[in-house]
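Below you'll find the structure, written out as structure tokens, and then a few comments.
Note that the chains take the letters A, B and C in the order they are written out, and that residue 1 is the start of every chain.
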Amino acid sequence: MTRYRTALPYLLLLPALAAELLIHLVPMLVGSVMSLKQLTQFFIRDWSAAPWTGLANYRTAVDFDAPVGRALLDSFGVTCAFTVLSVGLSWLIGTTAAIMMQDAFRGRGLLRAAFLLPYALPVFTAVITWTFMFQRDTGLINHVLHDQLHLVGDKPFWLIGGNSFWALLTVSVWRSWPFAFLTLTAGLQNIPRELYEAAAMDGAGVWQQIRRITLPSLRPVNQVLVLVLFLWTFNDFNTPFVLFGKAAPKAADLISIHIYQSSFVTWNFGAGSAMSVLLLLFLLLVTAGYLVATNRRRGADD
Amino acid sequence: MIDPPASFRWLRRAVLLVLAVFTLTPVAVMLSSSLKPLQDVQGPWRWIPSHPTLRPYVDIWTTVPLARYFTNSLIVAGSATGLSVLIALLAGYAVSRHRFRGRRLFTVTVLSTQMFPGILFLLPLFLIFVSIGNSTGIALYGSRGGLILTYLTFSLPFSIWMLAGYLDSIPRDLDEAASVDGCGPIRTLVQIVVPAAMPGIIAVAVYAFMTAWGEVLFASVLTNDETRTLAVGLQGYATQTDVYWNQVMAASLVVSLPVVAGFLLLQRYLVAGLTAGAVK
Amino acid sequence: MPTRRIPAALALAAAIVLTTTACGGGSASSGSNSSPKTLTYWASNQGTSLENDKQVLEPELRKFEQQTGIKVNLEVIPWSDLLNRILAATASGQGPDVLNIGNTWSASLQATGALLPFDQATFDRIGGKDRFLPATIASAGAAGKDPAAVPLYSMAYGLYYNKKLFQAAGIANPPATWDELVADGKKLTTGSQYGLAIEGGNVSENVHHAFTLGMQHGTGFYDAAGKPQFDSPQAVAAVKQYVDFIATDRIAAPGNAEYAANQSVTDFATGKAAMLMWQAAGANLKSHGMNPDDYGVAPVPVPAGSSGPQATSSMVAGINLAVFKNTKNLDGALSFVKFMTGDDEQKLLNSTYGSLPPVKAAQADPAFATPELKTLAGVLSTGAAPLPQVASESQFETLVGTAVKNLLASAAAGKPVTEAAVKAELSKAQQQMPAN
């Protein structure tokens, strides 16, 4: 019986471990091995015969004076800016909506259902609709901005050129804020009403209640939420891919698309894998740093 | 909040109105476009269709085998969800209720897989599927099984994380009482823990379903015509000669309807579930 | 399990997988006949939809089954997935027996060694090399090597012009030189109507036109040794000429710069643009309600007084049929290729899809005697050149096509596109090419 007891947790973990090994960990290791090879179309057919190149793929990727490294660095920069803005805005909108819908009012249930729609629509559907709306000549966005509101002089482009960054950001925020809203709505329900009552007795107004009670109570939820949003947004492939196709405009050249282009479109899987490994290392570093920092802060507050 | 002043209420109305417009505009666009003939859709934007037609809703079934893609998606996403929840529940239960060597390593490893860029392991995964097929005869490439396995794993890290947190918040007295009554650990899990954790399980299920339902990249390489899922199949409305915008929108609405309906039915469980999981 | 052993277990698992994938991979050698009764065929999307393709092909496959007893399993693959699927099949050795490839991919795929080379003996088994137009064979693999595929459907670019709009503007004949085209284009450009429509957001379309213009300026974007020359003065001039349709000539609408869903065809069909450079657009225009009588087709203009390669007015466009080297039914695969490239199927399929048969004998059929197809057939036999048949062609297409897309985007935004800007963009594309 005791042996069974000891083995039990491992038995329970076994399916999860097996799935993770097969789908995530082993392919990941294989991918890392590929990054050390010169895996172009000449060797793709029998890739174990591809020549080892050591760290050459990595050197090319981080040689920021040469165009390949330069392009990767640019793409990395775009991705960072995009991620920070998208996560920030999604979080802000999600928090605002969650706080404003904390008290019951007429139509709240309906509105909450509406707010969750973007999260429930399949990615392809949602993004292709945005592509349709962002078309310059026949799209809804320019129709409203230019024809109806006369806000802009000439119809701007959204799917090419510099504005494509804002188009991408809009779609990304539209898709991810409902998740933030949902999580935070849940988080708010755990705050005891007495806290607010006590604060109100002390003469605290709405804004002070939000600042002193709501936001601090949400901190543990936020820690998880922001991290999850960050990882999703940073690695998001579907949104830019459906929005711009295989060749994203420079201003919206997210790293996932960039790596896709470097491996699948130009058939250099060694280089693509090396870039992915670098990306993974970066994400691990950021996540570790984030967890340490937020945990320390939480510790300091307690 | 206590006694929000009138100014706050007005602000609230304004903000929520703007948000509702932002959120619902694309849905309105889908609805309007799906009722137009293709030539009108390709022309300048109009809110109200000038030649309203239901034709796109008829054509969607013949332009691509929509019914088959829909069935595939339901089977794949449904099975991946069921299995993912089951596996995550077992793992989450182990992590939450047992102290054992390697526990921390397990949670950290599983969590870190959430960070893997899909593009890195797409090709290796494909090669592994094929070689498993060649050496054992189990067809993972091109089959729904392979895709189910892939998707259930995609949602595992977050699901285990959420469920472990949720189970932590369920008082241990419950299990202990059960084990005093002579229940083994598995019976305790099934009879006591699962019912108590139902909201958390629903939350994880919705998350797992959405993950599998919308995935494009892996599905485009791991499926064939027979097993293609909706997320990829909908691209069939963009053909060599034309993009059938009106049909894409109509098809999207049709296939989303059941999902959205189910999702909305479950949303209150999701709210309750996330609370406990995230607050841990 | 002691925690320290987990990394070791992982490493072991990885090692096992590495060895099994290596064995399971493409190292399986050339074809056999171990499964003579079935074939898998991957077709590309040629018709109005995937289902439409199936309706066209399935009766033909049944015909083949009646003749040979071989059952063909058909899968029509959308263009968005086709190259990835081929890549995955190549890497794993788990692919179809016979497949369609875009003919511009021929040399790239040839370099993988996954496709069966069509040497003299193989060609003899499908009826001989001489049955095909030489230009179409030239776009089936690198020069000096046995072709990696055989041509199946062919197309060429033509200049489609709207007869009514030309008449209204007082233009009697379609332009034959670029000077004429720009002059006519300016006459045809009024407030809401433009002289020319281009598909500026489509990377492939961009690179096709850049290539044709490059040939006219005297460069094929690669030197004789197969080294990329993307930023040669001739290439810069060619790309600039294309971008100038929006930038300085202003005969194409700025909005064209983002077109990537065949909106230029729609614009032409609806009279928003008077000219369009497209490959075999007939069927497409018809579905947009434009009658064959409403438009004329002429060869794409060339520089005044040019001859030889400088008079190239189109790339050799089309689809090739390839056989996977490790097919388990080599004889069947070759009979299928023979069947598909036979005169009867060539006539039937090409006329259905609105393309031209690369098989000379089939071209004589009255189905291809429409004014549109006669013009395009003339272009294909005398005025068309294959895109560079080099292993790095797909990189060339992506990088140069994207560069042109970026330049068109700047032009559309009203920024001046100088020669230096074009050169800079092309140099960047060139430097991203792999070293070997």
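The rule is short, and it goes like this: contacts are C-beta pairs under 8 Å (C-beta built on N, C-alpha and C of every residue); 3 or more make two chains touch, one makes a residue touch a chain.
Since we're looking at a predicted model, the values are computed, not measured.
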Chain connectivity with chain A absent, coordinates unchanged: one piece
Interface with more contacting C-beta pairs, comparing B-C to A-B: A-B
Interchain centroid distance [CA atoms averaged], chain B/chain C, Å: 37
Gap in Å, rounded to a whole number, between the CA centres of chain B and chain A: 16
Chain B: positions in contact with at least two other chains: 42, 109, 123-124, 127-128, 232, 235
Numbers and ranges of chain A residues touching at least 2 other chains: 10, 25-26, 30, 137, 264
In chain C, residues with contacts to at least two other chains: 1, 17, 21, 25, 84, 91, 93
Touching residues (chain side chain B, partner chain A) in the complex: 1-5, 8, 12, 15-16, 19-20, 22-27, 29-30, 33, 42-45, 86-88, 90-91, 93-95, 98, 100, 103, 106, 109-110, 112-121, 123-125, 127-128, 149-150, 152-154, 156, 158, 160, 185, 210, 213-217, 230-232, 234-235, 245, 248-249, 252, 255-256, 259-260, 263-264, 267, 270-275, 278-280
List of chain A residues in touch with chain C within their complex: 10, 21, 25-26, 29-30, 33, 40-42, 44-49, 66-68, 71, 135-137, 154-155, 157, 159-162, 245-247, 249-250, 261, 264-268, 271
Partner chain B, residues of chain C touching it in the complex: 1-3, 6, 17, 20-21, 23-25, 45-51, 75-81, 84-85, 88, 91-94, 261-263, 265-266, 270, 283-284, 287-289
Touch list for chain B against partner chain C, complex: 39, 42, 62-65, 101-102, 105, 109, 123-124, 126-128, 130-135, 141, 220-221, 224-225, 232, 235-236, 238-243
Residue ranges of chain A in contact with chain B within the complex: 6, 8-10, 12-13, 15-17, 19-20, 22-28, 30-31, 34, 93, 96-97, 99-103, 111-126, 128-130, 132-133, 137-140, 143, 174, 178, 182-183, 185-187, 189-190, 196-197, 199-200, 205-206, 209-210, 214, 220-221, 224-225, 228, 231, 235, 237-238, 241-242, 256, 259-260, 263-264, 269, 272-273, 276-277, 279-280, 283-284, 287
